[in-house]
Amino acid sequence: MRTDQRNVNSLRPIMITTDFIKHPEGSVFIQVGDTKVICNATIEDRVPPFMRGQGKGWITAEYAMLPRATQDRNIRESSKGKVSGRTMEIQRLIGRALRSVVDLDQIGERTVWIDCDVIQADGGTRTASITGAFVAMVLAFGKLLQTNTLKKMPVTDFLAATSVGVLPDGTEILDLNYEEDSMANVDMNIVMTGSGEFVEIQGTGEEATFSMAQLQTLLALANEGLSEIFAVQKNAIGALSERIGETVK
Amino acid sequence: MRTDQRNVNSLRPIMITTDFIKHPEGSVFIQVGDTKVICNATIEDRVPPFMRGQGKGWITAEYAMLPRATQDRNIRESSKGKVSGRTMEIQRLIGRALRSVVDLDQIGERTVWIDCDVIQADGGTRTASITGAFVAMVLAFGKLLQTNTLKKMPVTDFLAATSVGVLPDGTEILDLNYEEDSMANVDMNIVMTGSGEFVEIQGTGEEATFSMAQLQTLLALANEGLSEIFAVQKNAIGALSERIGETVK
Amino acid sequence: MRTDQRNVNSLRPIMITTDFIKHPEGSVFIQVGDTKVICNATIEDRVPPFMRGQGKGWITAEYAMLPRATQDRNIRESSKGKVSGRTMEIQRLIGRALRSVVDLDQIGERTVWIDCDVIQADGGTRTASITGAFVAMVLAFGKLLQTNTLKKMPVTDFLAATSVGVLPDGTEILDLNYEEDSMANVDMNIVMTGSGEFVEIQGTGEEATFSMAQLQTLLALANEGLSEIFAVQKNAIGALSERIGETVK
Amino acid sequence: MRTDQRNVNSLRPIMITTDFIKHPEGSVFIQVGDTKVICNATIEDRVPPFMRGQGKGWITAEYAMLPRATQDRNIRESSKGKVSGRTMEIQRLIGRALRSVVDLDQIGERTVWIDCDVIQADGGTRTASITGAFVAMVLAFGKLLQTNTLKKMPVTDFLAATSVGVLPDGTEILDLNYEEDSMANVDMNIVMTGSGEFVEIQGTGEEATFSMAQLQTLLALANEGLSEIFAVQKNAIGALSERIGETVK
Amino acid sequence: MRTDQRNVNSLRPIMITTDFIKHPEGSVFIQVGDTKVICNATIEDRVPPFMRGQGKGWITAEYAMLPRATQDRNIRESSKGKVSGRTMEIQRLIGRALRSVVDLDQIGERTVWIDCDVIQADGGTRTASITGAFVAMVLAFGKLLQTNTLKKMPVTDFLAATSVGVLPDGTEILDLNYEEDSMANVDMNIVMTGSGEFVEIQGTGEEATFSMAQLQTLLALANEGLSEIFAVQKNAIGALSERIGETVK
Amino acid sequence: MRTDQRNVNSLRPIMITTDFIKHPEGSVFIQVGDTKVICNATIEDRVPPFMRGQGKGWITAEYAMLPRATQDRNIRESSKGKVSGRTMEIQRLIGRALRSVVDLDQIGERTVWIDCDVIQADGGTRTASITGAFVAMVLAFGKLLQTNTLKKMPVTDFLAATSVGVLPDGTEILDLNYEEDSMANVDMNIVMTGSGEFVEIQGTGEEATFSMAQLQTLLALANEGLSEIFAVQKNAIGALSERIGETVK
């Protein structure tokens, strides 16, 4: 039994609120247990210098935490004058993951900016960010479809993420909260598509290791959890869900 | 008649949600019309180096906007690697204003960190931040009273802020929204105490000026509006309101 | 009686030396008591990116102190690698104030750079900077008039600044020196035009407040002091003074 | 057949030169095909602030490329004034990986600094860095054993890394060179211990995905390649190899 | 004949004003032709970390130009957020030069901060800075002698600097102004002691070279010019001059 | 007798390895005793903004040390976020020296980037960098001659550097190693052309001075040593040496 009474293969409750903020093209508030993230998607009508002239688009992400998203106040990165290694890793992960399910040729020379701002943290902020950012991005593309700026939904498949891990007693668990994450020997983030393909596997043993057998169990747990998450996303996206996959890469 | 149908002396609807986030000692979500700010107060058990050894406390504030709080996405200050002049001005203003109604000797060698994060901006983010931050700070001190860490509420009076301004046609108005703020000739932020004393007056004519008569009208409008805001704060704070003023500076 | 024997409504001696340095288009050395500031105005034949293509000009200011302008040596901001919040506030104030009395359309796509470098500080460096910068700017425009680059003086009115404040014993005073500034409960900077309109009021109670009655007294003191300062400016500017106001905004 | 004529399961030639530079406690030059990295290990007799007083050690890594390690000159990060997200990710990976096979309690309050400087890059610089850094670290601990500063070798197991990937035609391959890395749909870095446990799996599909079946093939390829790499490390380390594992975590 | 009618071996007029600013322990305004520099010396009662516990002092220098010290406005280094290579070179040179004529053991654990701020530049700002800074430093030590904080003047000899150079036509000249400096093939700065010893020789051919014979002529010119400069310094320092040399290194 | 048994006028063994790294246009590994530097030359087909449109080229240099090039680990400048004054001085020296023997008009609007990375330091890293960088630059120009991008070798003469100094006992010595450099009273770096002209003399007495007679001895020692170094360079460059000097400035 886990500290919050869940089964090893149970997700925390997930809630996705759409159109959370009025300005962005796509705006989502995602809650995974006590982890709460605002995910906004912005469409900009140009691409970064290294992409210009290729007729295709780009997707990039930024991630931040409010100072008191955590138990102790963490120093604002704008005050420190630089972004931490952890933040950069997460930003790169989110952008890369989203790009894997978008046909960049379809969106033309546009940049999709994803902003994930963690309001409250209780473990799994990067996976919640990916799950929420996917919805915000689909909604933003929906706007471009409405105005006929795009002819087809450029998103080829659903995309979501969750974490799995191994507790010190060897138990493999799904969707770690902060307390579990702090004590786990192994922490693995899995990003998958709606059709069950892997996009990203990041498994790491901080001062610990894991066996091939454990890896297989963890992959199965993630697979199971992600099926549920896709259903929540589909529900949040509504009718627009139908159009996901109308483009194939 | 104003663009949002308000009278010249009408405030936008104000809503203050307390205990918004679980980790901070004081946490408030304030909405003033479409301006939405999370205000968190953190108590840290030490003071900055320049204050050490004096046996008194300090209050400091940080202010930020989510990139899509605004119509166009603004670049994250952590990415730019530095905090803008505007942000610094606002941070200094919030801290200074709160310190004017707190007996710093009462709180001992502790720092109150105020974090104001604008989720959605529609004019008046700095004044909404002050109004919300005051409530968050009082709630945080309330925690210290509960645990007997403090014997008396160190807050000497209520504190709130609003804006007034002059439209191009010469009309003086209360509580400018973004559209009004953009076109106003004169923009003035007023911070006042519950007993009607000024804490801060910042009136500025961007490429314009204002007369003594206009100044008097603006001060009267602010005074009127702030009375209503103090009532909303009192309601949000609840029973703890009684203890404000039990310390005198 | 004040520490330097002045009356409550007396200014310190003001001296403005024009053509102080040979390279700038306008160069002024202003002394207000023991506060000494070099104010240089530079005309650049282009505007910042956000102003391009509008056919109008821009005025921007930078402010700095020599490390030993003050009693204790302060660390050079170039060594710290960043500009302090205080410096940014002052820079923004100077630029905004000057823009209020200049018809930016008249000057075409040019930037006026104002550099205020405090050589010695004894209170009131920001107000002395504004008063001196105004003169440097007028002289620089004078050069453009001489070469027929401009047809009309684009300055619509005189502009100067001073400080007023409230001592702990409640006395309201004009033109605070450093010692008075350090102990004052309320400190207010007033920027006015030659015709008596307000451009900026920044009144602040650091850990203190002030009443409506006190505000009125302070405004009257400032008004009185500024009349004298305009006379000193007029004298420094000489014949060119006649042309101020030939453009109306 | 691959562009350099290797079989899908063939490593490039690996050469490890020990005692490459005279000053560091451990110094290694590793060549994996045309990828060439200097790995130096430094022992410092203190730990970072967040580790002090716990009686245990820390291992941290820095990674950099010479500007012309690559085909086109890349800008020096010291000139840019900041470290890129990619560099930070790699540095964190190297440090984390090494810590997984060291008993930090054994080394006392000391920090092992690992510096990996890429002299020439041809794909797989991060995995070559880990493989080389492990050897440099063991040699550095060897010095501490010689002087009896340490009683036992604190390294619990061998550690090495390699890459696997999927080419656009679906072929799974081992140890990608730069050309292969550039075109691969999937790129996976695997860090393993000498006893076959995983330390880190980082698999990523840049604008692509991979199936469970492909994942299994990739893991098997990595496993096979790493066995060979452990043999090269053992040879480079010599007699000191015997002492690896005399401590168990 | 030179552009300003000087002979090849003539210095520009030098004027040294002492006690220029009221706060610093030593304050000098030096004019060498149209080059004008404020040199302030500050005594701080501690040394930088790398010098602590050795019972000896340190001398360090900072150098800056006002933005309009030059014909075109140069960007403030505080705005750029970093100090240029040129500035760093000059700062290091000034500090090193002054340290060569001070017995650091005599001054105890104190730091002398030298601030050289160029108000107006017309060539030779670094040599004027050294010449002026020497005087400011001696005056600051004079204060410490007056209060008996020091028993002996720690300055062992006079110190001054000048420039020499080779014009495109091969003429060797003394004390280059900006126009000459811009066209010279060779530019050499010489720092010497009052007793004729070299402290620093920095000769450089920017896209040019110079022969042994030319070097000898340049050294002789510098020697001649510096004799005159020492006389000006002696005059500025007054009675305190007698005490220079009472300590020998 | 010196600590490493050399005569006062003996160089340490010099070895220059060409084509050290595969990517750069010119790549050299230079060893001067235990000082080891990688010098790479990159040809870029454009010049920095301040040079554009003049039809001539530019040469610029960057210099860095690996953290463990020295006895104690030094902090990476990329981690510090800024380049030290010492590094900037050396970079500027290397670039300036190389430009003195290149006809920049001949190379058209191209930049030669010189990267000097010190792998191991034992004194004289800046002079070894110049000596090695010259060879790397000639090799890079050789590539442009081969492809007929250039018609003539733009290098007008050989160029090399060495150090001379004065030990505490007054002995003048050639080519100081680290130990000697640390104790020397005077340290002088001399850059010369193959035809015996000076390019740069930087002599400095850190807390010491030197006489005219000592200067003459030092110059003679440097002259002698540089003759030998030119021979080593000639040998490394091979047949391409013949073409040096076919352009005259």
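Letters A, B, C, D, E and F mark the chains as written, and numbering starts fresh at 1 in each.
Operating definition for what follows: contacts are C-beta pairs under 8 Å (C-beta built on N, C-alpha and C of every residue); 3 or more make two chains touch, one makes a residue touch a chain.
Molecules present, by chain and UniProt name: A, B, C, D, E, F = Ribonuclease PH.
The shown structure was predicted, so the numbers you read here are calculated from the model rather than taken from an experiment.
**Q** Taking each chain's centre as the mean of its CA atoms, which one is farthest from the centre of chain B?
**A** Comparing chain centres, F lies farthest from chain B.
**Q** Could you pull out the chain whose C-alpha mean position is farthest off from that of chain D?
**A** Using the mean of the C-alpha atoms as each chain's centre, the farthest one from chain D is C.
**Q** Determine the centre-to-centre distance between chain A and chain C, using the mean Cα coordinates as centres, and give it in whole Å.
**A** Taking the mean C-alpha position of each chain, the two centres sit 51 Å apart.
**Q** Find the geometric centre of each of chain C and chain D from their Cα atoms only, then give the gap between the two centres in Å, rounded to an integer.
**A** Here chain C and chain D have centroids separated by 60 Å.
**Q** Distance from the CA centroid of chain A to that of chain D, rounded to the nearest Å?
**A** Here the centre of chain D sits 28 Å away from the centre of chain A.
**Q** Could you say which residues in chain F touch two or more other chains, in rising order?
**A** 81-83
**Q** Starting from chain C and heading to chain E first, what is the chain order around the ring?
**A** Starting from chain C with chain E next, the chains run C, E, F, D, A, B.
**Q** Taking the complex as given, what residues does chain F use to touch chain E?
**A** 82-86, 88-89, 91-92, 96, 99-100, 104, 188, 193, 196-212, 215, 219, 249
**Q** If we count contacts the way the header does, which residues on chain B are in touch with chain A in the complex?
**A** Interface residues on chain B, with respect to chain A: 21-24, 27, 34, 38, 40, 42, 44, 62, 64, 66-71, 73, 76-83, 87, 113, 115, 117, 119-120.
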